[in-house]
Each structure stands twice: as structure tokens, then as C-alpha cells.
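Below are two complexes that have chain A in common, paired first with chain B and then with chain C.
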Partner chain A sequence: MGENVVGQSVRRPDLVEKVTGAAEYCVDVTMPGMAHAKVVRSDRAHARITGIDVAEALAAPGVVAVVTAADIASLHARFGHIITDHWILAPDKVRYYGEPVAVVVAETVAAAADAVELVRVSYEDLPAVMDAEAALADGAPLVHEQAYEATGDESFKNLSHVDEGDGAQQVPSNVAHEVTIGWGEVDAAFADSAVVVENTVHFPMLYAYAMEPYNAVASYAEGALSVVSTAQHPYMVRDDLARVFDLPLSRVRVTSPYLGGGYGSKSYTKVEPLASVASWVTGRPVKLTLTVEEAIYTTRVDSAKIWVKSGFAADGTILAREFDVVMDSGAYADNSPLVMAKTVNRCFGPYRVPNLRVRGLSVYTNTSPASSYRGFGAPQGALAGETNLDRAAEQLGISGADIRRRNLVRKGEEILPGKRGIDADIPADLEMVVESLERDRKDVPYYGIGFGCTASDAGAYPISTAQVRIQIDGSVLVLSGSTEMGQGSRSLLAQVAAEELGVDLAVVKVVQSDTSVTPYERTTGASRTSTLVGLALQRACADARSRMRDMAAELFECAPGEVRDRPGAVAAPDGRELDFGSVVRQWFGGSAGEVTGVGLLRRDGATQKMPPFWEVGMVGVAVEIDPETGVVAVDQLVTVADVGFAINPRAVEGQDLGAATQGLGMALHEELVYDGPQLANANVVDYRVPRTTDLPRKIDLMIAERRDGVGPYGAKGAGEGTLNPIGGAVAAAVARAVGRWPDRLPLTPERVWRLMNRD
Partner chain B sequence: MTLPPFALVRPTTLDEALRELTEDSVPYCGGTELLLAMRAGLHRPDALVDLKRIPELTGVRAGDGMLVIGAAERHADLATHPLILERLPVFARMEKHIGNARVRNQGSIGGNLCFAEPKSDVATLLMALEASVTLVSPGGRRTVTVEELIVGPYYAEKEPDEILVDVRIPLRDGLRGAYVKFQTMERPTVGVAVLADDAAGWYRLGVGAVGEVPLAWSFGSLAEIDPDDIASRVDPTPDLAGSEEYKRHVTAVYVRRALAKLEQVSS
Partner chain C sequence: MSEAMFEVTLLVNGVPRSATVPARRLLSDFLRHDLELTGTHVGCEHGVCGACTVLVDGRPIRSCLQFAVTVDGAEVTTVEGCTRPDGELGHVQQAFRDCHGLQCGFCTPGFVTTITAYLEENPTPTQEQAREAIAGNLCRCTGYQNIVASVLRAAELRAEETQR
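Now for the complex of A and B:
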């Protein structure tokens, strides 16, 4: 379609500085007069705090202050963007091992760490609920005795099909959130089904291993708060902090430098309140950097137990599906209610399901709080939905491909009533995966192929803004509140601006994620940046061009409508051209000035219908199993990125390989294991993530470009989709290799060996 | 965690190093285990006595039927040392695959033994090889077998005032050896060493990583090695890599694999 810059695999501008270590991350940021904080954490799962003796710690060398809940009682000392249940410091009781009880502020990190050992917290143990089953049992001890106000988060409220469990908080229970969706006559459809297949799956408790642990440096001074942190959504964090300190939004500044990986784990507020209250109490900037272990105890991934039942006609047509999802969300709700709301949307797959019933419970337990994770409920839900479909295919005597061919929706069909129809050719994507897998199928024992599809209501809520500022030399600043966390948005946005303005990519500089400088961006998540920020940026460029034409009309002494756009320039009716820099200089005079273009995006026009786009997950794997040890080797990994249009194809491939590899981690290796009140593997030695030696023998990363997205040039987002169906695909491949169906991930060697050898 | 403050002492002679050692002033070489323990708050010495500048702790030489390896020699160097490649290739191959690149480039053979990490590849093979170590203290010098040294998990029978100076491995002409390990996590689940000196009728099997300490046995022939019997002799430590039952099972599998691999090794 004649684009010049977009569609090219341009080299990322941050590549070299990241490889050489020159790139600035939050941990590198200092503030003048800064003190250092270390957190005193609970060493038990559930206990009443009967006293905190800080005297010895305060007397230790270099200690500035020890902050406890009592010191911040005059603040709104809780956060949580959906349910404000998350205490900054445990006020009366601790709800999980690792919960912050106090913050020691000292002149050095070492002094703070030493003094942490001197803070004496006395507890009275309470009975704990360490998993969802225990938390839901009759008479279970309550993790939260009180209900908390909801914040009215708009994306959450706008899941309009969701019937929120009414009155769930009237009788105190450990249910943090309850969601049900459904339609049709489910029971009647089951009665009419030729084959009914039901099974239960267990999705493991995970850690979204970002290499950079949470850290922040905060300064509260003169009624204003400035925080630099590892926040994926700086504006959301700003809102939480403004609520804590009762400050106008304009007096809270949150900045995020490069993030060392997020994967959902850095969405919403984490350590920023701890650093901020420490600064508020001491009057000094305070830096807080967590260890990996502390990061694992700050946020983990919701584990899930999902029961699924599906009814089919004899030819494999789905007649009804039913899901019962229970998630262990840990001690605080954080984003788990939204994860649950997405799970119920994403578990049944991109299939025609005439009758559906889904129940979801997000449950409080005395474990590390769970929150967002790449894929947002889809990895959990799809493990149930997809393995159920594959088991059904086996019972129906048809192939895994055929049962999907029979039921996949076509482009334009709705899978959620009233929502945007599917904006992708999913059946065509499936054929790409199956063809690639079958082409390289090995004829060896203990070999199995599996594949799966998902469709996620992606993009989150469409509120995006962007600005472009054209300088007197024709160079361009792009301002966006979105965050660069490794996914490549900084180069992608530069490509869009260069394309729209017709300027050289090298003169475009993208500035991101500073709430006092860059314009509002709701979140960087749900694979939204290319699509939604891309649209806002296109509008900002159009706005800048329009201003440029108006200014040029004055200079050319013609009507604005007569000025024509040229690459990086404008032209008069008589053919005279002025480049952007000349327009700015001549219009202002005095060789100074700049022109700002503003782009605003809301739920309107093309982005009226929710979701803004569907993110397709389409993957296949082939595995080869060592029958003596149960070790699963991945022989093939095949993915399709159904992105509409790849603005940077290499970046799309990178996202897909990363997402798939992360998915293989959860499928084969990763699981946080509680041993009593604490985790047995809260470190990255024993929490086993994928290694280069685990990489599949064959990797086929395909991109399907059909220009069917709502975003710029027909683009849709990428980044989460490919993770979502991996668990189900691996489970099916293992089942076909060994002849038995696993019911849980990860498929560790011992689990596979036991599966093969059980009686 | 942050490394707590400590003093660093860098002696250049063994005598000087021995004078520096106290309960709170401990030997330090590669630091791959010690610094982790210090970071984790398990150990907080006042001073680290760096042994890397002491000539007596370096070098590899052969003599009197022994291969003598200086305690400060790093794994990566041992993996490629010409003398080891020539005289004891099974040891070089084991060193090539221990830990990870950072451990191999930083960690020393002596440090590995002194730390007595139960999942050490080094101790398993050395025990099978009937190796011994030289320990020096202000009071004198003694030689103990690796089997006597490694008495428990993270517990080497070495006095705080002693320095492990070298490792001594008896050399055998025509020795065949194989070391295989099953590893799915950061450290091996089980490591198996099998050695054969057919001319002498000397056969050894070592099994490590699976229990608290490596074990090694002598046999009159390879045929006497019964993998299932070996599996029943180990005492697996259940952990995230597997249950006791599974670890016993993979021990038998890897004893079989070690024997199969040995068959491919020519003398």
C-alpha cells in the first residue's frame, strides 16, 4: 500500500545501549540526598501483629527511620486499582509470608539491611488458608474481615456482560471476586449431545520472571511527590499515589525509565507506595530495590483449578460448554478480579458455542498476592478449554485439526454477544500451523503433536493520547505515556511518526512514560500500544500536518486548503515547497519555535466497539519424550502472529518467540511451590525458567498479514497471544506421545514418568 | 541481598595465608559458593583470605603415578588442560560441563570440595577415582581421601586453620571412564561415574548428587554392577527435582547409561 518506513524490520534504537549496559534503568536512578530502604517482612502466613519494637533498629548506625503502619495512619494507606484492599504496611495483621510490616530507612543499603534484623515484630499466629480449597471450606479463617470500596475502574466496569456476584461482601468470605457469564440453554444442550466430555485441569502458580525486580526511588517534598519506578502503567500508579496522599494528580509525577521486562507483573502499583511513604515520613528521597525473592513475594500469577464440560453433536459440532474456574489470588486482590473477568471470556475459545455457562471465583488465600500476567487469564482458561476439545476429538474419532475446523468462527462472527466480531481469519491461521507441524513430523516413538487456538479480547479500554512536536530543524519528538519494557514500542512509534510525516526515521525521537511530561496513556498492556497509541499518534501527526498547512498558507499567502502535504514538507499551489523546519522558523520568525500535534483516542468511531481488537493465539508444538526419565524435548514450535500488518516484522517475531518460550516454561518447568507458610523456590535457581538449551529444534514463526485490524495500516497487537494456547498444545502433544492425558502443568520429568507408569 | 562488608586479604605465600586464617577470617578463592552464602546472610566473615595468589595452590602436574591439581585451579582451565586431556580425559569432560559458564570460569576445584555441595559433579568423580587431597595447617600437612573429606552435605572434614592445597588423583594406564548426569534443574539430579582398568581388574562406580554425599564402590568386573541394586543403595534427597522414588528410578537409568557410554570409550 505504499508505506515506506512501517512494515520494515528496522533496528531498534535502544538495541546497542541495552546490549552494552549503557541504557538507564530505574535501579540506576539516584536523587540528591537519597536514603535507602529495606523492608521488614512477615515471617508467617497469617498472624495478628501484637507489637513492633523499633528501638534497637533506630539506634543502629546509619538508620534514619523505621516506618510502620502507625506512622502512616493519617494517609489513605491502601491501594488497589479495582479493590483498594492492599495495605501499604500491614496495620493489624499479616496475611502472607513476605508481607511488608515496616520499612527501615538508612544512609546505606547495608545499614538498612542490618537494621531490618533488629526490628522486633511480635505476632499471635492465626490459622491460615494456604490454598483455594482451604479458603472456600466451611468455617475457613478469613483473610479479610472487612469489605473494601471498589475504585470504579472503567475498564473493569465496562466488561458489561459481567454479572458481578452481588452481595459477595455482605457475608464475609474469602471470595475476592465472582464472575459468571453465559447464554443459551446449557443443560438442555448437554442432554441433546451425542458426546459429553468433562475434565479438570490445574494451572500452576507462576512468577512472571522479569529480569529486573521491582524498584523505585521516591521524593515527597513541598506537597508534591515524584517517583521513578519500574511501573508498566505510570498513570495508574500516579492515580493510586494521589489517593494515598490526597494530592491533586498534577502534583504526583511518576516516571518509568526502560523496564527490564514486565510480562504483566509490573502493571499497577507495587513498591511505589513503600518508597513514597518512607520519603513522606523522613522528608528525604528514598530508594527501594527488591531482591528477586522479595519480587516473587510481591506479585505472582494466579494459579487455577478449572473444571470443564463440553457437549458435542456426533460430527464434533460444539453444542454447549460449561466451565467452573477457581483461582488462588493470594492475600490481596490486586488485578486478579480483572484477570478472572478475562478468564471467563477467554476459556471457551474462538468457537461457535451456542450454549455457555462459566463461573469464576477469585479466592483470597494466605499466599503471595497474584495479579496480571501476560495473557491475562487466557493461559489458565485455554489450558482447560483446549485440552477438553482435544480429548473430545479423541472420543469422537476425529483429529484435533478437524474438531477445530468444524467449530472455529469465521471473520466477523461474534464469540461474545454484542462485542466486536472476530477481526481475523482464524481457520486460515490454523491451516498454517497444522501444515508446518505435519511437514516436519518425525516418525519416532513417544512423539506427539499438539496445537491450540485462543482469541483474547485485547487492547483494554481505548483511551490513548499522543503528541508530536516538530522542531525548527525538522526533527520530531514523539511523546507517549506508554512504556518501553522491551517490547519495542519506542522504535515502532518512531516508525509510525516517520511514515505519517514523511521524515527520516533517524530524526524522530520517542519520549515515553513520564506523567508530568508525556501525555496520558491508560496502560501499557493487553497488547495495545501498536494499535491504540499508534492510532493516537497517527492523529497527532495529522494534527501537526494540519497546523503546518495553516501556517504555510500564511507564508505562501494562499488558502489553507490549497497547501499540499509532501514528505517532511508542504507545497504551495505554485509548486513552491517548504520543509517543516522552514515553516516553523519562518512562521515564528527569529529562528525559534515548534509545532505540536495532538492525537486523542476514545471509545468512538472505529474504536467504539469493544474490544478494540481480538488477539489471536495460534501455536503448535511437537514433543519427543524420553520414556525412561519423562523428559519432554520440544522438537517443533510453530506460531502464527495474526497481526493484520506487521509494522516491524522482526519485533513481531521477537514477541512471539518470547511469548512462546515463556509458555513453554509454564508448560514444562515453572511452578512456585508452597511448603508450609513459605515458598520452597522463591529464587531463580530453583524456580526453573527456560534456558537456551531448551529451545525447540525447529522454530517456525509465521506472520499473517491481512490488514484486518483497527490499528494503523490494518495492524493489531501482538505479544500475549502466542503464550496463551501453549499449555494446552503441550499437554495434548504429551498425551498423544504417551497415550494418557495429563491434568496439570508443568509437565516436569517426574510428572510425565508417573503419567506413563501409573496403574 | 547485598553483600555485607568484609576485609579482603591477599597473601602471596602459603605461610602468610595460614597466619591470616581464623574463625572469622576464611579462605576465599572463586567465591561461587561463599559469596552466595554471604549474600544470603548464612555466613558473615570479617575477612576473606584470597588464595589465588599462592603459587603452591596452582598448576597441574603428573608424577609418582599421581595427577596433582592445585586447589585454586578453575574448572574451565582444568577442562582444557593438555595434561588432563591426555591422562584423564573423563575428568576434563566432567569439568567442561559442571555448573554454568560463570561457575566454570570462577570456581576452583578446591573450593568445590571444601564447600561439599551435595550436588557436586567433582566430588563424585574424584571419589570414584580414589582421589585424595592435601591439607596444610600451621601444625603440618596431612593427606585424606575425598571420601574422608566429604562427610556430609555442605560439610567437609577440614579444620578452620587448614588450607586445601591440592587434589591428588592416582593415574592408571589404560583407564577408561565415563561420567554422565541427569540434570533438569540448575544442579544435577544424579551423576554417575564409571571407571574401568581392565588390565588391573579394577572397576569403580560413583553416584552423586542424588543423596547427601556421593557414594563410590569397587567391583571385580563391570558385569557385577547391577543398576537396580545401585539404586537401592542410594539414599535420595527428595526435592523439587523429584521424589525419592523417582530419583531412585533415574539413578538406575543413569547407571545403565553410564555403563553404555563406557562401552564406547576406548582405553
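Now for the complex of A and C:
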């Protein structure tokens, strides 16, 4: 369609800053007069706090203050964008090992760390529930005895697809949230099925491991709060902080510089309230940087146990599916209710399922709080749904490809009634993966291939705004509240603006994520930026162009309708051209001024139907297993990015391989393990993430561009899709290699060896 | 009770730099906080991730596992020092730029220093050797393929330069 700048693998402008060490991350940010905080954390899983003695710590050299719950009782000392259950500092009891109990503020990090050891917290132990099963048992101790008010975040309902059981808890229990969906006559369909396949899977407790740990520097002064933090969603954090301090939104400023990784784990509020209350108490800017261990105890990924049962006709047609999802969401809800709602939406896959019943529970336990992670419930759900389908194929005597070919929805079909139909050609994507895998299949023992597909109701809630500011020299500032965390949005937004305005990419500068400067953006998540911010930015560019035409009409002395757009310029009916800079200078006079274009996006028109787009996950793997050791080597990794249109193809490939590699980590290596009240491996020595030596032997990253998205140039989001089906694909590949089905991830050498060698 | 302080002087990226610090000051904190060279990143504090790798007398070491006082007098190269004297990108930095070898970039400084030292030892690595050379550094964004390509590209750029 004749685009010039979009569709090109342009070099990201942040590459140079990042290779020289000049790029500024939050952890590099300081404020004048800054003090340093360290957190006193609970050393037990569940206990009543009977006293906190801060005298010795306060007397230690360099200590400015020790902040406890009592010091912040006059504030709304809780946060949480769905359920405001998350205490900034434990007020009367601790709910997990690692929970913040006090903050020590000192002149240096070392002085604060020393004084942390001097704070004496006395506890009275309470019985703990360390997993979901214990938490759901009759008479289980309660993690939360009280109910909390909802935040009134209306989008939560719009993002989940809930039939009933939403919200209000009747009897106090450890259920943080419950969701059920379904349709049809499930039991009757099971009775009519030729084959019924039932299995249970266990999805591991994970840690996203963004390499820059959570950190923030906050300054509360003269009735205003300014925070620089590692927040993916600075506006959501702003809202939480305004609620805590009862401040107008305009008096809370949250800024996110470059993030050292996010992957969903930096969504929503983390350490910002701790740094902010420390500043509020001391009157000084306060910086708080967590260690990796503290970060793991701040947010992990929901683990899940999922039971699945599916009924099929003799030819492999799905007649009914039923799922029971139980998620261990830890001590505070955070975003887990939405993660669980998304698992419920995403577990049964992009298939025609005439009869469906899904129940999901997000359960409080006395463990590290869980929240968003890349893929958002889809990796959990797909492990169940996809392995169940592959087991069924085996029983039906058909291939994994054929059972999917028989059941996959075609473009336009709905998988959630009333929601947007599927905006992708998933069967075509499947053929791309299968063809690539089969082409390089090896004929060796203990070799297996597996593949899988998912469709995620992505994009989150479509509220997005963008601004472009055209300068007197024709250069362009793009303002967006969307955060650059490595995915390349800064580069992508510059491409869109350069394309729309017809200016050189080199004169476009993108400024992001400062709630006092950049316009509102709800979140940076759910793979939304290319699509939703892209649309808002296109509208901002159109608005700027319209203003330019009006101004030029005055200069040309013609009607605005007669002015024509040219690349970086406008033209009069008589052919005279003025570049943008000249229009601005001449209209204002005095060689000064600028023109601002504003773009607004809401649930309207193309983005009326939820979800804004479907993010397809389509991957395949081939594994080769060493029967002596159980080590799984990945021979092939094949992915398809069904992105509609790749604005920067190289960036899409980078996101896909990155997501798939995290998926391989989850499938083969990664798992947080609780041993009693605390984690046995809350560090990256024992929590093993993929290394270069784990790279698949063959990597085939394909992009399917069919211009079928609502986003700019037909684009849809990317970045999560290839993570989602990897777990199921690896499980199926291992099963085909060894002849037995695993029921849990990660498939460590020991697990695989035991699977092969059990009686 | 005040903590004993020590003056530590290092030749950092060719410039003598000193600061007075306690014995427990890590080299990573010394570089980042005392010398304000924030290009060196701390990603795990356990010597696993490699983001904090700097060159001490030419050898790559984890600056998060080293006390500043123990390297007093040493020559230290950080990622900032991997740039050419005229401010242009060094060959490893250029290779990362050419190969899109990063996303969030937090791990990149440790890769740049590690690869710089490695190519001094082995200027013509094979693909397999390139992979091994960076097996001690973690990247959570990229899936490593473009970083391996960056090692090979850096070797090419380095060779072109030496031939000139």
C-alpha cells in the first residue's frame, strides 16, 4: 500500500544509548538530598505482629527514620487496582515471608541495611496456608479476615468475560476471585462423545526476572508527590498513589525512564508506595532499590492446577470441554483476578467448542503475591487445553495437526460469544509451523515434535491518547504515556509518525511515560502499543495535519479544503508548497511557535468490539532427549507471528524469540519452590533461566502479514503470543519422544528421567 | 562507631579516579555511585547474570563480587570505556547496533565488556565458540540469537580495523 517508513526494520534509536552505557534507567536516577531506604521484611509466613521495637535502629549511625504501619495509619495505606487489599506495610499481621513490615530510611544504603537488622519485630505465629489446596480446605485459616472495597475500576468487567460469581464474596474464604463461563449442554455432550479425555496439569510458580529489579525514588513535598519508578503503567501507579495520599491526580507525577525489562512483572504498583510513604514521613526524597530476592517476594507468576476434560466425536470434532482452574495467587490479589479471568477465556483455545464449562478460582495463600506476567493467564490455560487435545489425538489415532485442522475457527468466527470474531487465519499459521517442523524432522530415537496454538483476547481496554508537536524546523515530538521497556515502542511510534507526516525518521523524537508531561495511556501491556497507541498517534498526526492545512489556508489565502497534504509539507491550489516549519513560523510570525495534534482513542468505531484484537500464539518445537540423563535438547523452535502488518519486522522477530525463550525456560528449567514458609530458590543461581547454551539448534521465526488487524496499516500486537503455547508444545514433544505424558512443567532432566523410568 | 574508610584509586577508562570508601564498598557500587559511571548495571548481585562485568587489568570480572579496596591501583574498563577516543562506537558496540543485539539493554554493558575481552583472546571465533564465550551472561529479552550474531560481527569489524 505504498508505505515508506513503516514495514522497514529500522535501527532503533535507543541502540546507541544502550550500547554505550549512557541510557538512563530508573535505578540510575537520583534526587538532590536523597535518603536511602531498606525494607524490614517478615521472616514468617503468617503471624500476628505483637510489637515493633525501632529504638535501636533509630539510634544507629546515619538512620533518619524507621517507618511502620502506625506512622501511616492516617493515610489510605493500601493499594490494589482491582481489590484494594495490599497493605503498604503490614499493620497487624503478616501474610507471607518477605512482606514489608517497616522501612528504614538512612543516609546511605549500607546504613539502612545495617539498621534493618536492628529492628525487632515480635510475632505470634498463626497457622499458614502454603498452597491453594490447603487454602481451600474446610476450616482453613484465613489469609484475609476482612473484605475490601472494590476500586470501581470498571474496565475489569469489560476485560473479563464473566457469567456469574463476579465480585462479592459472601462467606469469608481464601477465594480472592471466582469466574465461571460456559454455554451449551456440557453433560449431555459428554454423554454423546465417542472419546472423552481427561487430565490434570500443574503450571509452575515462576518469576519474570526483569534484570533491573523494582526500584523507585519518591519525593513528597508541598502537597505534591513526584515518583520515578520502574512502572510499566505509570498512570495506574499514579491513581493508586493519589488514593493513598488523597491527592488530586494532577499533584502526583509518575515517570518511567527506560525499564530494564518488564514482561508484565512491572505492571501496576510495586515499590512506589514504600518509597513514597518514606518520603512523606521524612520530608526527603527517598530511593528504594530491591535485591533480586526481594523482587521475587514482591511479585511472582500465578501457579495453577488445571483439570480438563474434553469430549470428541469419532472424527475428532470437539463436542464439549470443561476446565477447573485453581490458581495460587499468593497473599494479595494484585492483578491475579484478571489473570485468572484471562486463563478462563484462553484455556479452551481457538477452536469451535459447542458446549463449554470453565470454573476458575484465584486463591489467597501465605506466599509471595502473584500478578501479571507475559501471556497473562494464557500460558497456564494453554498447558491444560493443548496437552489435552494432543492426548485426545493419540487416543483417536489422528495427528496433532489433524485434530487442530478439524476444530480451529476460521477468520471471523467468534470463540467468545458476542466478542470480536477471530481476526486471523489461524489454520494457515498452523500449516506454516507444521511444514517447517516436518521439513527438518530428524529420524533419531527419543525425538519428538510438538506444537500448539492459542488466541488471546488482547489489547486490554482501548483508552489511549497521543500527541504530536511540530516544531518550527519541521522536526516532530511524539508524546505517549506508553512505556519503553525493551520492546521497541519508542522506535515503532517514531516510524508511525514519520510515515503519517511524511518526515524523515531522524527528525522524530518520542517522549514517553511521564504523567505530568505525556498524555494519558492506560497501560503498557496486553501487546497493545502498536495497535492502540499506534491508532491514537495516527489520529494525532491527522489532527496536526488538519491544523496545518487551516493555518496554511490563511497564508495561501485560500479555503482550508483547497490545501493539499504533501510529505512534511502542504501545497496551495496553485502548487506553491510550504514545509511544516515554514507554516508554523509564518503563521505565528516571529519565527517561533509550534503546532500540536491530539489523538484520542476509546471504545468506539473500529475499537468498539472487545477485544481490540486477538493475539495468536503459534509455535512448534522438536526435542531430542538423552535417555541416560533426561536432558531435553531443543532441536527446533518454529514460531509464526500473526501480526497483520509488521511495522518493524526485526523488532517483531526479536519479541517472538524473546517470548519463546522465556517459554522454553518455563517448560524446561524455571520453577520457584517453597520449602516451608519460604522459597528455597529466591535467587537466579538456583532459579535457572535460559542461557546461550540452551539456544535451539534451528530457529525459524516467521511473520504472517495479512493486514487483518484494526491497528495502523492492518497491524495487531505482538510480544506475548509465542510464549503462550510453548509449554503445551514442549510437553507434547517430550511425550512423543518418550511415550509417556508429563503432567507438569518444568520438564527438568530429573522429571524426564523419572517419567521414562517409572514402573 | 564510625566505619573505617579507605582511599581507592583506579585508572578507569584511562582516567585516574579516586574516592574514599568503606572496605565493604563493592566495585560495582564504587563505579556506579562514587564515580557516577552508571553504564555498569547490577542485575543479580550474585555473580550470575554478568550485567556488572567490567575489565580489571584486561580481564573480565563481576564487579558485584569484588570489593573496590581489593582492586586499588588497577586499570578498569567499563562499558563507557569501550567507546573509541573520538566518541564513535567501539567494534563490539557497533556490532550490537548492526545486529539489533539488545532490547531492554540492561544486560548489554556486561556483554560488551565480556566480548571485548574475549576477542582479544580469540579474534576469530566460530559460531559455537561465540555462543560459549557469552554463556556466562544472561539476557532475558532477546533469546540470544542476535547477541551471538553480534559476537561474530564484532570479530569482523575488529579484523577490518586491524588490517587497516
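What we mean here is this: the second predicted complex is superposed on the first by the 752 of 759 C-alpha atoms of A that agree within 3 Å, B and C clash if a C-alpha of one lies under 4 Å from a C-alpha of the other, contacts with A are read in each partner's own complex, and residues count from 1 in each chain.
We adopt the following convention: contacts are C-beta pairs under 8 Å (C-beta built on N, C-alpha and C of every residue); 3 or more make two chains touch, one makes a residue touch a chain.
Predicted model, so just to flag it, every value in this text is computed and none were measured.
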{"item": "Touching partner for A:K18 - first (chain B), second (chain C), both, neither", "value": "second"}
{"item": "First (chain B), second (chain C), both or neither touched by A:P127", "value": "neither"}
{"item": "Which of chain B and chain C A:G739 touches, first, second, both or neither", "value": "neither"}
{"item": "First, second, both or neither for A:P567, with chain B first and chain C second", "value": "neither"}
{"item": "Touched partner set for A:P172, first chain B, second chain C, both or neither", "value": "neither"}
{"item": "Chain B versus chain C as contact partner of A:G260, first or second or both or neither", "value": "second"}
{"item": "Which partner reaches more residues of chain A (counting touched residues only), chain B or chain C", "value": "C"}
{"item": "Partner chain in contact with A:W753 - chain B first, chain C second, else both or neither", "value": "first"}
{"item": "First (chain B), second (chain C), both or neither touched by A:V685", "value": "both"}
{"item": "Partner chain in contact with A:T629 - chain B first, chain C second, else both or neither", "value": "first"}
{"item": "Contacts on chain A seen with chain B and repeated with chain C across the two complexes", "value": "109-110, 291, 685"}
{"item": "Chain A - residues contacting chain C, complex", "value": "9, 11-12, 14-25, 27-28, 61, 109-110, 209-212, 258-263, 291-292, 485-488, 650-651, 654-655, 657-658, 660-662, 683-685, 689-693, 695, 699"}
{"item": "Chain A-touching residues of chain C, taken from the complex the two chains share", "value": "1-3, 22, 24, 29, 32, 37-46, 48-49, 51, 78-80, 82-83, 89, 92-94, 96-97, 100, 102-109, 112, 131-132, 134-135, 137-138, 140-148"}
{"item": "Residues of chain A touching chain B in the complex", "value": "109-110, 113-114, 291, 628-629, 631, 669, 673, 680-681, 685-686, 688, 748-750, 753-754"}
{"item": "Touch list for chain B against partner chain A, complex", "value": "1-2, 4-5, 182, 184-186, 240, 242-243, 246, 249-250, 253"}
